[in-house]
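Letters A, B, C and D mark the chains in the order given here, with residues in each chain numbered from 1 onward.
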Amino acid sequence: MTFPAATGRLFSDPSANAAREFFRTKPRALRDKVMSVADAVRDLVRDGDYLAIGGFGADRIPTAAVHEIVRQRKQNLSFAGHTATHDFQILCAGNLTGRGQTLARVDVAYIVGLEARGLSPHARRVMESGTVECTEWTNYTLAVRLKAAAMGLPFLPCRSMLGTDTFRHSAAKIITCPFTGETLLALPALYPDVAIIHVHEADRFGNCRIRGTTVADLDLARAAKRVIITCERLIPNEEIRREPSLTAIPFFCVDAVCEVPFGSYPGNMPGEYFSDEEHLQLWLKMEEDEEQYRQFLHHYLFEPKDFNDYLQRCGGLERLRRLRAQELLLHQGR
Amino acid sequence: MTFPAATGRLFSDPSANAAREFFRTKPRALRDKVMSVADAVRDLVRDGDYLAIGGFGADRIPTAAVHEIVRQRKQNLSFAGHTATHDFQILCAGNLTGRGQTLARVDVAYIVGLEARGLSPHARRVMESGTVECTEWTNYTLAVRLKAAAMGLPFLPCRSMLGTDTFRHSAAKIITCPFTGETLLALPALYPDVAIIHVHEADRFGNCRIRGTTVADLDLARAAKRVIITCERLIPNEEIRREPSLTAIPFFCVDAVCEVPFGSYPGNMPGEYFSDEEHLQLWLKMEEDEEQYRQFLHHYLFEPKDFNDYLQRCGGLERLRRLRAQELLLHQGR
Amino acid sequence: MAAARYNAMELMICAAAQMLEDGRSVTVGTGAPCAAAMLAQRTTAPNLLIFFEAGGVAPLLPTMPISVGDSRTFYRGLMATSMADVMETCQRGMMDYAFLGGAQIDAFGNLNSTMIGQNYARPKVRFPGSGGANDLASLCWRVIVLTNHDRRRFVEKVDFITTPGYLSGPGAREAAGLPPGCGPYRVITDLAVMGFDESSKRMKVLSLHPGVDRKQVEERTGFPLLWADPIDETSPPSDEALRILREEVDPHRYLIGRC
Amino acid sequence: MAAARYNAMELMICAAAQMLEDGRSVTVGTGAPCAAAMLAQRTTAPNLLIFFEAGGVAPLLPTMPISVGDSRTFYRGLMATSMADVMETCQRGMMDYAFLGGAQIDAFGNLNSTMIGQNYARPKVRFPGSGGANDLASLCWRVIVLTNHDRRRFVEKVDFITTPGYLSGPGAREAAGLPPGCGPYRVITDLAVMGFDESSKRMKVLSLHPGVDRKQVEERTGFPLLWADPIDETSPPSDEALRILREEVDPHRYLIGRC
């Protein structure tokens, strides 16, 4: 029995040899990589890049850097949409709003939705406009594609996606196990040009710690050619050396370290602050009307001079204090 | 250009479907799995089994359980020899010493040596006797075989071992990347029947924490059909729940939990005690003469009524106190 | 009258909870599936092992998560790991149940959560896509679908098979290379509980909720259904289950207040 | 006379240390390679990034490790990870150097650490096997071999190619599917420093250690060597390097006391 081949387009080069040539040139020295988000995005995110974002939709996301990408009018990006929710929503603000076209190509696993919160009207407008090219995947298969790259391979097998239209609109292939004859899905490695990951703690060289679920970020940090880290807190290198078992991402994968307290706001940061559901609802609501949405974006995204200004417009420290209480269940009397 | 096929024999079934059928039956309930090493080995290591040992040779190894396998005269085992040093040396005490034949088949990456300490005369006698069937691999390719199983796959690709006699005497195959045409090594998944892993801390259900390098143990615990954990310390389940990010091996992979303080002795246990190089040298020295070695084994392996008795014969708590000082560099005045 | 004692969402959650065997594992999302698993743990399946696909394992959920990856999903959990680790636990054959939903479902239990329309490049309606749904339906032993029962949703042919049910029928999953022995197990709606016919793999009504008749179900389904003979009545939730659901699982009535 | 100032092991370690460029990465084992990397860090390559294959990354080594996996390999390190993570760092192309040894080496730099004899099932001498050597030689950009120079070791044909050098010659690695652009870089012995001829990929003497002549090297080599023209003299270790090696790197003379 034969199956139709997948027809989706591959937006990145899966060649392991090509990746090796790049990684050969990546510096290994311990050097100070601390810089502003604006500088990191200016230097490391380039028009036409393939971009991937860490975390999970609105959980542990590098909000400040995503804002900055739209603010700096980065254009023509490819994007890895594995459960991309609020991050995707922000990027879509760079499409159909007079900011040119931030997103040009998307590897889709989950986009336009915000999980239980509903669908993003503006992200749907963008994706239904026909102006963004898509290839379909799933959350796990996109994770496997990053794992293949993290391992320095051109592909990895897995067992999902077979038999479906998701497969048909992907760029995967079908192979047979050389040992057992079992049918498998072959997934091309995904080496993003640039990844942005928000973590709890990092030293100035880029050694990072993450609390809670790591989603696909350990592989993403290793797979990407350039990596921007935003962190809740800079910590001394000495603290990293005190417990090397806790290092989730090593410095030699990292190109920039930006200290952004509350950097996942309005998303959730495990152990730090819960998501601001009111602000996320406001965002969804404002998207319903295009003109109203442009004003909203002006106020919350384009006008703020930096991320602290954005936080201030969202309620500032008092709001953040309440989200912290909610995260730690202090409001339940614990 | 074609290469001769590999001629080594595969000692285990790489079928992912067969593994799924087994894992379907494995219990998921939280139940008390604490038992003695003797009971765990009696119940969970079976003649003819494929066995794999965690740690790295003489670092974080489950010494007590390996002793017990020889003491209980387990026979006809297959073994995964990824940098197997002192563990392999102990298992070899079950071959050519009147204990029948503990080891029958070995997947070799590194055996018979103890790294910088030299080669084991008895392990060499065993392996040069022609009575143990071997297939060759490397440290990484054996790790990849376990990773394939941990992922629930029948195979994984990698890029080493190609072109060598190591490949020729392996059971690997050569494939071509369906996306890039790059030549790759295909490695059959290794689902051991039983794995034994020594960890720092475990709760009674089998949730485990490891400090320091994890070698291949996160994959091994997930790949094996049955898992015996020996641990330095039992800890309350509440402590596991306090910081779930620290759980390296989840309880549902584990079948038995044995509390064995100093359980990696004479090997090194990171943060706890350094290796006893004098005892390891004694072991190597005693192996030089077969009769002398039988007496040594009688005293240190067969006569001790349990692992504490063995520790007592090796110098007891005073010896262990000194190894702890050495591990923590207290003897350097720190 | 039954309607006074519980609403349709309460019935659906309680029916789903009852399906989860004790000592088995389940991957849940947010919302009703999570409520069902929490209820099961507090009633008939105290040893139910709960996973969230972003990496949360066996939390003691203090409230229902808003996201499959938020910090509630590993609150006092036994492990906080990666998405791949959870999916590979499924791929190894250790995940018994998964809960899914979708914009469309067909008679073979195939689900669409990708798009409405016939032109992929220019969808009439763009939905999120698979997320982890395709993976879970490919790799877990039994899939349970929780969804509202209406004709727009229960369609003869889904516009896009995002997530595999039995695909084109008996043997199709295996022929496509999916792991054998898995597939959709139950579909629970506000009207009925459905399974899949052993030989044809088509959807088959197993029980009607109290007060629902066959005609209602047929009117709200866009394809011919098979019918168990005799048709059972779905067991109504016990008072104890309702109490736990209302007081402990969803005290703010986020879910059960929607009906 | 030079021999009064340093011994052969000291010269080998110092020569190896000089080869490691600053800001590059290296995987080392125990013994002389580790000493060379430690010395390099304290002299010409302060930003040398050191890996151990069992998972130790960038330790501040308090003493030399006894095992590639012992706790010294990640003492105050920047990461303690898995063997696969380190090997995959190599596979991605991020590992510049690896140090290896072996029981036999041939003119193409192929190494044998598996067995002596012709019958695999019944070896005359069984050695450990590859360990991580084959992986490192396959995946790292440049391999440096540190070994004693004798005729039993430098053989025309190794009994078993455990670890790939240039295999059968130019293009053979690439034809076998190994990542392009890698291979043996230097062989450092107690007599000389050798490289590999660009076109033939055969071993070529680059420099003789002070006091060593060409004939000595030829007598202790079991295959024809190529010779650089002119042949350099290996730079003798500086006083400062010797002081650091003796006082900081190997104060107990575990390695440098062996000669």
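The definition used in the following text is that a residue touches a chain if its C-beta (ideal position, glycine included) is under 8 Å from a C-beta of that chain, and two chains touch if they have at least 3 such contacts.
This is a predicted model, so every value here is computed, not measured.
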Enumerate, in label order, the chains that touch subunit A and subunit B alike.
C, D
To reach subunit C from subunit A by way of touching chains, what is the minimum number of steps?
1
How many angstrom lie between the CA centroids of subunit C and subunit D, rounded to a whole number?
58
Distance between the CA centroids of subunit A and subunit D (whole Å) is 41
How many Å are there between the centre of subunit B and the centre of subunit D, using C-alpha atoms for each centre?
28
Could you tell me which residues belong to subunit D and also touch two or more other chains?
74, 80-81, 84, 91, 139, 179
Note the residues in subunit B that touch 2 or more other chains, in rising order.
16-17, 151-153, 158-159, 182, 184, 211-212, 244-245
Which of line, ring, star, complete and other names the graph you get from chains that touch?
other
Please list each pair of chains that are touching.
A-B, A-C, A-D, B-C, B-D
Please output the residues of subunit A touching subunit C within their complex, sorted ascending.
1, 3, 55-60, 81, 83, 85, 108-113, 115-117, 119, 124, 127-128, 130, 133-134, 136-141, 143-144, 147, 158-166, 169, 174, 182-185, 211-216, 218-219, 268-271, 274-275, 277, 327, 329, 332
Help me check something: in the complex, which residues belonging to subunit D touch subunit A?
22-25, 47, 49, 57, 59-60, 74, 76-81, 84, 88-94, 96, 139, 141, 179-181
Touching residues (chain side subunit C, partner subunit A) in the complex:
29-31, 52-56, 62, 66-71, 73-74, 80-84, 87, 91, 110, 114, 120-135, 138-139, 160-164, 167, 172-173, 175-179
Please give the residue numbers of subunit B that touch subunit C in the complex, ascending.
16-17, 19-24, 26-30, 149-153, 205, 207, 222, 240-242, 244-245, 247, 250-252
Complex contact set, residues of subunit B against subunit A
10, 14-17, 151-159, 173, 175, 177-180, 182, 184, 186, 188-189, 210-212, 244-245
